[in-house]
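What follows is a set of structures to go through.
Common to both upcoming complexes is chain A, partnered first by chain B, then by chain C.
Showing the complex of A and B:
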């Protein structure tokens, strides 16, 4: 266990070392926030609500979703690289589980990301951009649990795609597609309730809405009461099944490497 | 320490149609051809031995090492390292072995060397006191002090390799696999690395299996060599033996002024020398092989000079290098090539 904690710690340290990257990233997030703010301000200039959402609700949803989306991808890129350049062989002769190690590093990444990036920026947003607090402390708590689940689901899904690097020659296309699908179906761009009924029904059966839409909808009160608990249940379902699928696919991939030689 | 019996590894190489269609098609239906990378290898290496494992590119060295480390599962046969079957208990085996792959780095790219070692301490669960003692020793022997604070990606090849080597031995493994640890390094670094390996072996009784194309490494480090060619062991024994068996062999290359097509071995030396097949590139080249127990080099040269006009000549040395190449050559049943010194 200790070694995985160390991996997380080292990752935080690595991250802290890239300060130019950090400032560039912070600046681009600020810019995005401004664009989003003025865009929705313009949309709402001639109406008071869309699908029952007033301006404050909408901007809160969009900004929180934007922050959450930054956390739903993971270290898939790193795993895919390791597989492509053959270094996965070296990883296999280490006394640790590579997937657990990557998840630990990812966790370290996300903690530092949260503390240095998301937290101060979201405080800024609260002060300057009409972002509202959760409707009640219960929904606030539920949001945290749900966001945590959503991040796990995103992380596992990311690794799952990366493992496909064992079978496909070029993973890049698949990863780009994954990003697009997630932005769209997860509700990271706009709340899913703005989409047509049939689209909402489809996304209900996909894991993507569990990444961003569910936690943010709980935060903003779009989902509440029984609906919120049901949505949380579906998140648990997705987290567990993706985790199991990840382990199974990984052990198949390892067998393939160890028996067929890559 | 290392026991290998009738070890075989066959690869199935998938033939795949190009493009996305081919990739998708190959998910459902694949054509395979089998390649035998390792054929019925046997070896028994005792604790504390330092063995050179050599062979031409593609002979099956890496495949064998991968099976010993547990990365590959053998097709058939038995492997045991330190009583553990590596491919069944990969992680357990991993904590007792160390490895350096000359072509790949095992250190963590973005963090300073010292942090890498700290991380390794946790990964291999090395007790703090032992860690400090070992690291201090390594820093002295490999002169790592100035490198400890530098991120791995900023190190030069020689510096990196020294750090890699320390990383491989840090947890005092019982067995260390070194795959071309001196590739691309200058002589000074090579000397330091060889000294370090020998010192580790003397102090901790580490078993070392070394693959390299640098015969100097082998001669200085190993007592025993195993030569593999085309997946089979073609020699297993001490360096002394191989030297006395083949060490009297000499080869002289003659550069004739006339084309070598019409060359006939002079009568006086016909019984004692042998014409080696040479490459087609140089039509003037004739290579003669002989044993210096039976005829001296001077005599061969003298005779040749009497019969032909010789533009130039080179004598191949009798070092292990030459011998090994001759053995490779015979194994492959192709023309024997010799490393030359002028």
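Showing the complex of A and C:
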């Protein structure tokens, strides 16, 4: 365990060293918040609510979802590159579990991103953008649990996709495709209740809504009471199934490495 | 001189195509992924318009049209000039840029021709479909002249994307890798996907006169939308494209002069 904590710590220091990327990120997020704000302001210019959501509720959902989506993926890129450049063979000989190491490093990354990026920026959003607090302290607490699960599910899914790097070299395409699918089905762009019925039904059976929609819907009160607990239950289901799937696929993929390396 | 460069470009392309055909699965994956990405953006607009009739006076098809021009213009940049993204981390940092400098051709030409990015075809495809879908719904009759202007506008849009990326990529000559800056500026183009009239005046002026992303989609589209009030400004699009390209190229040449290789 100690070594993994150490990996997470080192990753935080690495992150702090690249300040150009930090500022680029911060600035880009600010820009996106501006686009979102003006876009939704224009949408609401001729009405007071959409599907029962007033402007404040909508902008709160969209902004929180945007922040959460940034934490949903991340570690897959690293794994995909390790596979592609062949280092995976060496990594597998080292005295740690490669996946656990990557997850630990990713965790370090996320902690520092949260402290240096998401936290100050969301405080800014609270002050300038009509964002509201959770409807009650229970839903606030539930949001944190649910968001944690969502990030967990997202990380497993990310790793699953990254393993595909054993079979393709177009990592950029893989990444873009994954991002598109996630922003499509996870409710990261708009609350799923705005989607047509059939689309909502489909996404109910996919793991993506558990990444972003469920936590943020709990935060904004779209899901509450029994519904919220049920949604949390589905998150547990996805977290466990993706974890198992990852184990299976990884053990299959590793066999391919030995064939590859000769 | 020119014919030599055309022939050279053809030879570069042939090499790139060979690579593409070698990895067919990856070609498909790339095209499909970009199409999906664009589709997600369009779907988002569709969902929103299921609940409203107009966005600040703009109809669904007008927004689609803006979107389509942005996507098609960007695809020109994506297919033919994608290498601009890699100047810092693939050429200057590892010292590979020196290789281009000792060749008897223009280094910028060599650098651009080094890569043909197949993934951009997905963007081109979607862009054309979106424009085609939106066109019949605009209250303008499409003649040969209108088509011609549309094509000119799209090419101009593409070259504005190129000029902006070239300008900020050039900073790499001084700071080794300017990718974070290029990327941040590129994100500004997100603004251009919607009518600029929904934004604060300051943002609008910035995107018109400082970093002219407004001319990559909104202004060219507004030319074809009756009563948009921007028909006149829209005609400036090709001018803006030419001026920004000249300016970026001048800056590139200054960068080249200041360039000292990462020594070893």
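We adopt the following convention: the second predicted complex is superposed on the first by the 256 of 262 C-alpha atoms of A that agree within 3 Å, B and C clash if a C-alpha of one lies under 4 Å from a C-alpha of the other, contacts with A are read in each partner's own complex, and residues count from 1 in each chain.
Convention: contacts are C-beta pairs under 8 Å (C-beta built on N, C-alpha and C of every residue); 3 or more make two chains touch, one makes a residue touch a chain.
Given the structure is predicted, the values throughout are model-derived calculations rather than measurements.
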Chain B versus chain C as contact partner of A:230, first or second or both or neither: neither
Touched partner set for A:181, first chain B, second chain C, both or neither: second
Chain A residues touched by each partner, larger count belonging to chain B or chain C: C
Contacts of A:6 with chain B and chain C, given as first, second, both or neither: first
Which of chain B and chain C A:168 touches, first, second, both or neither: both
Touching partner for A:194 - first (chain B), second (chain C), both, neither: second
First (chain B), second (chain C), both or neither touched by A:38: second
Partner chain in contact with A:89 - chain B first, chain C second, else both or neither: first
Intersection of chain A interface sets (partners chain B, chain C): 167-169
Contact footprint of chain C on chain A as seen in their complex: 20-21, 23-24, 27-28, 31-32, 34-35, 38-39, 41-43, 45-47, 50-51, 167-170, 172-174, 176-177, 179-181, 183-184, 189-190, 194-196
Chain C - residues contacting chain A, complex: 23, 25-27, 29-30, 32-34, 36-37, 39-40, 43-44, 47-48, 50-56, 119, 180-181, 183-184, 187-188, 190-191, 194, 198-200, 203
Residues of chain A touching chain B in the complex: 2-3, 6-7, 10, 13-14, 17, 86-87, 89-90, 92-97, 167-169, 257-261
Residues of chain B defined as touching chain A within the complex: 9, 11-12, 23, 27, 37, 63, 66, 69-73, 87, 90-95, 97, 99, 101, 104, 106, 108, 110-111, 115, 118-119, 122-125
